[in-house]
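In what follows, chain A forms one complex with chain B and a second complex with chain C.
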Partner chain A sequence: MTEFDYKTCTGCSLLCEDILFPDEDSISHAKNLCRKGLAHYQALFVERTGPLIEGKEASIDQAIEKGAEILRNASAPVIYGWSNCTLEAQMAGLALAEKIGAFVDDPSSHCEGRLMEMLLSGRIPSCTLDDVRHFADTAIFWGSDPSSTQPRHLSRFSYFPRGSKRQKSYEEERTCIVVDVRESSTAKLCPTTTYRVPPGEDLQFLEALLAVLDGKIPKFGDKKRMIELGSIIKKTEYGVIFPGPGMLISLQDKMDRFEDLLRRLNEITTFKVLPVTEQYNSRGFGQLLFERTGRTKAVKFSPSGEAAAGPTLVEAAKEADAILVLGADPLLDLPAGLARAFAAAPLIVIDPRRSLTADLAQVVIPAAISGLEGGGTALRTDGVKISFEPLMKSEQPTDEQILTRIMEAI
Partner chain B sequence: MVSAMEIYMLLPKTNCKKCGVPTCMAFAVGLLGREKKLEECTPLFEEKKYEAKLAKLKEIVAPLESATETGLIIHPEKCFGCGNCVIACPVNVAAEPTRCGAGLGPEGDRVILRVEDGVVVANNLEECKRFGPNRVLCNACTATCPSKAIEFV
Partner chain C sequence: MAVDVKVVTYRDIFQYEAGKKGVHSEEYLRLSASIILDKQDLASLGIAEGGRVLVESDVNKIVVSATASTDEPHPGLAFMIKSPWSNQLEGDDSCLPGAPGFRGIRARVSPSSEDITQMAQILERLQS
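Right after this comes the complex of A and B.
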């Protein structure tokens, strides 16, 4: 136990546990909080929603009752969002989905979802971020820019800190490699080991890397630099690849080749994979759904509560006659066609703040911001369970309480 | 950041020694190290033909005045609080080996750099390796900044 009262930040999936607030009930002079986390905390005081039914103010009980009524009468409901909720809320939400026979999906499904499925089913090896800090000497950021997704990734785990086996850290022992379409902020830290790949050509890069590892001449990019990369990898003792959306979207359904690459890398040395996820509990939802259904995305529950591989989100949204959105803003994030399908269906939004989706929703139920006003547990990007206490007291019900009340009302 | 050469190009280049140093180049270096003041170059202010150069000089040396004793300049608008400098700074690690050394944010007040309200702030500059006459030109914090939010003059 230390004398300091550390708080956990839910601004990104790194869930930093070393945040200090010198003043009670105020976020000013917050120590160790990055700018992304600060913005997340500052949002506490702006654009909060109130309970609304078709744009008119209502009481929270009426809003919950109306939401439950829409879901009760729906024949093809969809529950979307999830990744900005605590594990407890996700469990309550999944119980609700089972009860009403809903289709569930989350924003990461077209991105990290596929990788998460490979990772959870054990097809590709993974490790925790603490292992990265203690043992890793090569970190490859492929299509990811942790400087913007998880600002403290490099300083807390992957490049700068000292670990039990890596006492000399970034100065001598660690190598940071960036493979990206642009010169990202992370790439600026390691200009000599940055590999620029034209958009959509990550597969060619992967094939070239496989060729280099087999001692052949690569047919892609600067041959000399590719061979250099090969020799860095061969000297590695413990490597970690951090794939991001850039790589996953570029590889599309060619993820098998990524699996082949990892198999080949693990023949040479130890190589692990850790996805760089954005929303704070997106790993939590993936893992929870996987444990329950064997899939990490797009699951359709039958009215009797059995899970099956669902249709795509596009089909589900077009057929939906009620969409429950929690902890996400799909109208803002999703492609226009899909957003239009969302907007056409009756929307029920559980969100602490005003958003584009909440503006168009039929029913808005305000919730407490998890991590700030509500406690709970969440899974960090590497699957480590982290529980947190609320920063301040609030009257607002948490996502979990709202979902439980909706379930009771149905 | 401005270089000594850029300052030299705007000086009279007469090596008149009125400022107390032998050459204008030495004066430019002194100006950059904040050991000399622009006012010490009297011809620059007295002679009319240097007016345009003087205006330009005043403009480029203005940022130097906001620098701290060690020459550290922080641009808070560029910083995103990643904390790379906090973890990389050797003085920070020596002050809190179990925290800064292990990637966690510092908790005490003995560190030089720390992240507060989302941006980096500097304290205890007398502990910095660049402080005082026997300084070492350490650049751990500036070299590890991905957005060039901190720099030394």
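Right after this comes the complex of A and C.
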């Protein structure tokens, strides 16, 4: 019997563990990588960066020492990013944050943070992706578009697979529902069960759904279609809602009504919730921070290492006299006003590749690419811990090693 | 001539792929510096598919190319792939980074004869 040496892809938070690289030391002819995963690994060969201080080449020892010096002298340091780092790196980074009294936050906190707090505190029921694969007959992608962000979501777990209780799968047993403002790639799979919601009106949709579940006439949307949706839900045996940023941002401080909806759904049948986190270890950071501090986002450590609710990221970035960025590119991803605050602060960037943030950084420390050049563990989007070994050897240190060395130098 | 729209941002796998090859690339620019308008909204601007438009929000403005939506009619609603270009339209008034984009950024779209806003210009703005 042939034994395959499967690898784990860190291209997104599905952490697919069935990747084969027939050619050692090369990603050519890789099997099972999706378009996003392949792009993630092709990045190995382009836009790599070396150690830089003030834009000039330096040794990695000099870059680490300079980064440590900036952080040592900072009175309001920020550590931002985290989502593309292993759990081991996140633990090392949090130890550093405690030591220097830093504010910490990650890119997903603005949308998934509240949902994660509700999940981790047990306020809304969740499950694993393996449960989805084997049991779920209704998947609701609400403001999420996994075909774009987690390309193998539907094929591995939520729509196409023949799970143990869903052998007739999408042909007969699974229903895919999309709630979105636009015709997303996922919505194209299920045009008759796609529900359009204007931007910012997800609460009205939620209230209409609660109404039809109670046998009332909905006051939002196409009444006939809303009643049809209610009928699908009432026939569901095991449903899962996958909320995305479109829904989470729209609901914002009305997430209590989402909790009410889940309570009502579970009076009728079984319904779970799973986040659709984008970066491969967003869940890991949120969960780790929650276990340490009781919060999933925006935590400020005091100089003595005590954790408390921090200011907003905007406020923290504007006051920062040093920002350590790892596993993110805030100048690429954040709104201009906030990105400008980052650009104005002394930046230390740990990144395998050139990025917009690295282009403006005082110090750039190159790292190995997780999953390809460095191993470790991460939490899949459903919280399942996944371990992975590197595919290739690299001379670059891992994020964890760099953070540990910075800590020692401080 | 101008149309008022709400700009909603979204993720796109092809732009992600282009970004991994390099965010300074022509491909990344082409996919990011673009706005999808309702067919009638585009027609009312009197410009052809791929024509340049000025998109002005309360905080900033960018020049991007405009394409007609293939979706069902959605007058007053425009879509952009989330990128430094769409981010330019958002200020720091929100405590929730990225939030306005997913809810809809209010903007005015009008024909433009200026060049497409380049990444280098965006970086200059971020440093100003």
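For this structure, a couple of remarks:
Rule of thumb we're sticking to: the second predicted complex is superposed on the first by the 408 of 410 C-alpha atoms of A that agree within 3 Å, B and C clash if a C-alpha of one lies under 4 Å from a C-alpha of the other, contacts with A are read in each partner's own complex, and residues count from 1 in each chain.
By definition in this document, contacts are C-beta pairs under 8 Å (C-beta built on N, C-alpha and C of every residue); 3 or more make two chains touch, one makes a residue touch a chain.
No experiment lies behind these values; they were computed from the predicted model shown.
In the overlay built on the shared chain, the residue A:151 is in contact with chain B and with chain C. In the superposition on chain A, A:383 contacts neither chain B nor chain C. Of the two partner chains, chain B is the only one touched by A:30; chain C is not. By the touch criterion defined above, A:278 lies against chain C but remains apart from chain B after alignment on the C-alpha atoms of chain A.
Contacts of A:40 after superposition: chain C is touched, whereas chain B is not reached. Judged by the touch definition given at the top, the superposed model places A:360 against chain C, while chain B stays out of reach. When the two structures are aligned on the shared chain, A:341 is found in touch with chain C, with no touch to chain B. Which of chain B and chain C touches more residues of chain A is settled by the count: it is C. On chain A, the surface touched by chain B in one complex and the surface touched by chain C in the other have residues 35-36, 38-39, 147-148, 151, 185 in common.
On the chain A side of its complex with chain B, the touching residues are 2, 4, 16, 18-20, 28-39, 133, 147-148, 151-152, 154-157, 159-163, 170, 185-186, 188-189.
Touching chain A in their complex are the following residues of chain B: 79-84, 86-88, 93, 99, 101-107, 114-119, 144, 146-148. Chain A meets chain C in the complex at residues 35-36, 38-40, 42-43, 46-47, 107, 110-111, 143, 145, 147-149, 151, 181-185, 196, 198-200, 245-246, 249-250, 252, 278, 312-314, 331-341, 343-344, 355-356, 359-360. Of all the residues in chain C, the ones that touch chain A in their complex are 6, 8, 10-14, 16-17, 19-23, 59-60, 71-72, 74, 77, 79, 82-84, 87-104, 122-123, 125-128.
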